[in-house]
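One chain, subunit A, appears in both complexes that follow, with subunit B as partner in the first and subunit C in the second.
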Partner chain A sequence: MAEVIDTKWEEGAGLAPSSPFAGAAEQRIHFEDVSVRYGATTVLSDFTLTVNPGEIVAMLGPSGSGKTTALRAVAGFVTPTEGRVFIGPRDVTHVAPNARNIGMVVQNYALFPHMSVAENVAFGLRARRADKTLVAARVAECLALVGMEAFAGRMPRALSGGQQQRVAIARALAIRPTVLLLDEPLSALDAQIRRQMVEEIGRLHAELPDLTIFYVTHDQHEALTLADRIAIMRNGRLAALDTARNLYRRPPNRFAAEFLGRANVLAGEVCALSEDGRMAELAVDGHRLRGANLHGLGPGDRALICIRPHHLTPAPAGDAARRLDGRIAHVDWQGAFEVLTIQLGTAELRMTATPAAEPHRIGAGMALFYDPQDATVLPHEPADG
Partner chain B sequence: MAEVARPPRLRPPGSAWVLLPLMLSAAVFFYPLALVLREAVTDGTGTLHLERALRVLNSHIFLAALTNTLRIALASTLGCLLLGFVLGVVLTYVPFPGRALATRLIETFIALPTFLITLAFTFIYGSAGIVNETLMQATGVTLPPLDFLYSSWGVILAEVTVYMPFVLRPLMAAFSTLDRAQIEVASSLGARAPMIVRRILLPAALPALLAGGSLCLLLTVNEFGIVLFIGAKGVITLPLLVYSKAIQEFDYPTACVVASANLVLSMGLYGLYRFALNKVGGLNADLV
Partner chain C sequence: MLIWSRAGRRATLFVAGLLIFVLYVAPLALILLASLAGQWNGVWPSHFGLLNFVGVFQGAPGEAIWASLVTGVVASAVALISGTSAALALRGWRGIRRKALDLIFFLPSAVPSVSIGLALLVAFSHPPVLLNGTALIVVIAHFVIVSAFAFGSVSAGLMQLPCDVEQMAESLGASSAYRLRRVTLPLLAPYLAAAFGLSIALSMGELGATSMLYPPGWVTMPVSIFALTNRGDVFEGSALTVILIVVTVTLLALVQLAIRGLAGGSARGR
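Entry: the complex of A and B
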């Protein structure tokens, strides 16, 4: 259980001109066995997660997986049916949203249309009855932080989507929030602006390294680029949680493997182990595939092997022992690379490759190779479960 | 092969379609109205004669009726705006069981005849109504303690009840288009309910309040049934004065002068309504 220290809520928090953000200990988010139910429907179930001070944790998952509900529980717009939510040492489960000192940025920016950019950014400070000098200084500072100082007098309708989102971020940062909640902040932007904004949020966090960010997205690129850790949600539960790199390289289960990066997952049976048991060999549809055995599976266990598409390469000549012979079933050209679907018995494998000089012929034979160290053996679970 | 030129078919221009409704309006509306106006400013021979009109317009009874009309209409409109706004906020943003039913019930007020509301009020707030009976039994007093129904206040209360949905309906439509995320973000930034109402909801509701309020003002300026049915002592409004002069005293020329003044007032208010709506709705159309 998380330590609970009763501290008095300071009126006017976030107004101190000297400290950019709250103390490190206060900038932690902690969910403790949080469940949210609406009647018979459970949208978040036994959710436990800690976002450490200064960390960016991205919540990734399909629609309806509970990621936005978790964010709204931190913001105070959803009251957990069970469990508790902490911001720093403070139990905020039943604290009103306006007393949580959080910054929130939403998908459609939600700028106040009748206020100028500067008035939007100043809103939170005025709500706290901040001194006029402080408001002016903080508005200028936050607009400069997001590169919008030249637009202070503009109305939101005169801004592009990307500019509006920058203003929304400045507005959230102006109150010097304990934590920053980003709810699909870039979903409404087109692909090019989105890539640019991902870089800008990364730069912003580099400039404000103490800022804790809880980032809800369905975009893997955003999560992989920005997050220190990624939480993958499924059916209201936490399906996986790890650093972005670990989660990508060594997914803990089938859902994480398939959802993050669309790995090839083949089902088979463990037929052999290396001497130290760290590598396992699976019999898959007449082929023998090896991978890292991190779950300690033994011979005879039903298992899955996860291989990333970019780890598959055309087999080097003469390596007959480790080659996988298949046929090209489909070619999906995507400009800088192409995705080949290789029929391997009854199974299919996707591989990425640089476009060949001669277009691939559907039905042509292709021998594949991969380094077993790059593959992960997982406990068996059905594709839909 | 040579094409044979067809003679062009004669078609009326598109604008000709406006003629039919225009002629119909002229026959059933503008012509009778013109007759009223002519009666107000001419003598029996059809000669321009403004002396009588000026005498009526300067008379004590006309000025009292004009004052009453404006006072009651403004107070009723203000009441409609206040009550409509509060109810609009509650019905849109405060979740409670039966909210949809409450909204529908309030809306049905529009469908009811105005005199029915007034009649119902006499059963509730009248001298022998439920409220006075209860108060008299509870306090032991012999005279009805509540005595506002047969005054301007009774008229205002009835008009607020009848016309408030004309504010509520556009207001709720405006609130339904307001992005709730704005309210949530404002709250997360530290704003309490009064600040959210003042800084977020009110600006968003302004065009709807203006439209609904103007409509209320127009309707209450011309309200006749409620004032007549309540029969408040000394509460003579312009429509009631027209009725009194034309029907009770058979003084049609005076009635026509008062009716013309009422018409000018209504058209002036309508012009103001269009001007304000264009100004607010045109420049800040994205607020709702």
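Entry: the complex of A and C
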């Protein structure tokens, strides 16, 4: 028997920008040491994470990293082998999906093909035996929220992918969910529509700032644009968690650095420290590279240095002390900018630059410069693990 | 396109058309001619009229129409309900248990209908369950024969349903019953129609088991056709065959219309 959670339905209640979907404390998602195993295969391991009320947390990771499993554990479609899942103060680990009051949007929209747009949006309310007047009002409000009010009578097959995803979002919001789960919601859309939809979701969250969103994606652009915090998953474990800005600027490990933004990561050995120890100098293949020493590494330690491609620039004339001399190995022109691969001894560095008036010549020499404050020194770990 | 030359396509079309005419159209056309004929002494029949049909409706064969209709509809309806229930119950099962149960459900389709008839005859000819000589044993035989096809069709339909759609319904707060009524069954409607139609078609034409089990007051159309032609009344037998075809096709069309109406109504209603 489905448990009725939302007791806040009132005649004329609307989705006003500041109206909470549920009590603020109820809108928290908390994973407590959650593991999910299928036989000998562990797909999620000791996973602990809290998504705070009103926050957007994007879960980013390669295929098979466990991010969708984590989301489905919140939805109730995956039962943890160990650990607990909370929505607000309530332990929902063993609560049926239809009693969790969550809104969910998936990659392939999953609209009910035999129902019109309005019927799709009304489905959750009707399943809860909501009053007819309320259903009509809420459907109109939610369709207006996603700009689909003119399509209420259409069948899903008559809509484009982007329109179908808007309807799916309206359907999820119509029940005033405690939390909204988005499982790669834009993956099936083409690039242009995807960019529009990222903006739409951002606008939607601005209009509904109390709505907690747990967003699973493999697209870093979506994660960086929308998320307050990003959780990076790897092999079923949480590899990194921080604000999007911090994670990008100061990645905590090699995987986070390479996965988010494809940073240049070079291996070397710490050969010198600044007086306060906050900056470290690494000997890398005959070059000396400096970066922020946030992990307190000492001289002689094996280490990695992470430099973002856009932090590398052609060296200013005369700055011989800090220049890195290399050769252009590859040029990847991408319209507004180009990605140059520079051979630096045996290492390669990628840098982004505005396209030069004259095309770069493969094999030509190029001197690079970067601000050491923009580079991060990380504990050593091998490239494959 | 498999054949690129125009001459090759023409030759293939001619051969295919000839086969269809000889194997499908000609026998049916001859049955239709025979059903309207009073005599057939030469190459073509003669003395055309509707006397054979009048004879069917006025005599005992007319009762066969009713017996076949009731047997077909009841057996198919029960097979559809049980087959759908079984398919829904087993859909989450995997491995050896699933294969074993699939085998049990599909077994009747692999056993000759005469064997099923004989098995029921032997099983239910003695107390405590004495069904020999009743119409019920005919209905049961038809149910056993068609249930495997109903189960198979619905199972195939369930495999085609995107699981995301049902999970979305669940996440939106729908109970199992509401989800089944508003999402699963409407999406299954084409497969249910196919299962019911196939069951009716099989039941309407069933002869092997029925000929072993039918009581005097419950003679189905195929049994009646067999009896008429066996005693030399080919024209009336042909008339009853035409009626059998018309009744079966009409039933299938009605089933399709009803399922479409139900699916549409379910989508519109609450």
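By definition in this document, the second predicted complex is superposed on the first by the 365 of 385 C-alpha atoms of A that agree within 3 Å, B and C clash if a C-alpha of one lies under 4 Å from a C-alpha of the other, contacts with A are read in each partner's own complex, and residues count from 1 in each chain.
As a working rule, contacts are C-beta pairs under 8 Å (C-beta built on N, C-alpha and C of every residue); 3 or more make two chains touch, one makes a residue touch a chain.
On a predicted model such as this, the values are computed, not experimentally measured, just so you know.
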item: Side-by-side fit of subunit B and subunit C on subunit A, or clash; value: clash
item: Which of subunit B and subunit C A:Ala75 touches, first, second, both or neither; value: both
item: First (subunit B), second (subunit C), both or neither touched by A:Arg157; value: first
item: Touched partner set for A:Pro97, first subunit B, second subunit C, both or neither; value: both
item: Partner chain in contact with A:Gly124 - subunit B first, subunit C second, else both or neither; value: both
item: First, second, both or neither for A:Arg171, with subunit B first and subunit C second; value: both
item: Partner chain in contact with A:Ala110 - subunit B first, subunit C second, else both or neither; value: both
item: Intersection of the subunit A residues that touch subunit B with those that touch subunit C; value: 75-77, 96-104, 106, 108, 110-115, 123-124, 127-128, 171-172, 175
item: Of all residues in subunit A, those that touch subunit C in their complex; value: 1-2, 75-77, 96-104, 106, 108, 110-116, 119, 123-124, 126-128, 171-172, 175
item: Interface residues, subunit A side, partner subunit B - complex; value: 14, 75-77, 96-104, 106-108, 110-115, 123-124, 127-128, 157, 168, 171-172, 175, 181
item: Complex contacts: residues of subunit C adjacent to subunit A; value: 162, 164-165, 167-175, 178-179, 182-183, 186-187, 263, 266-268, 270
item: Subunit B - residues contacting subunit A, complex; value: 179, 181-182, 184-192, 195, 199-200, 203-204, 284, 286-287
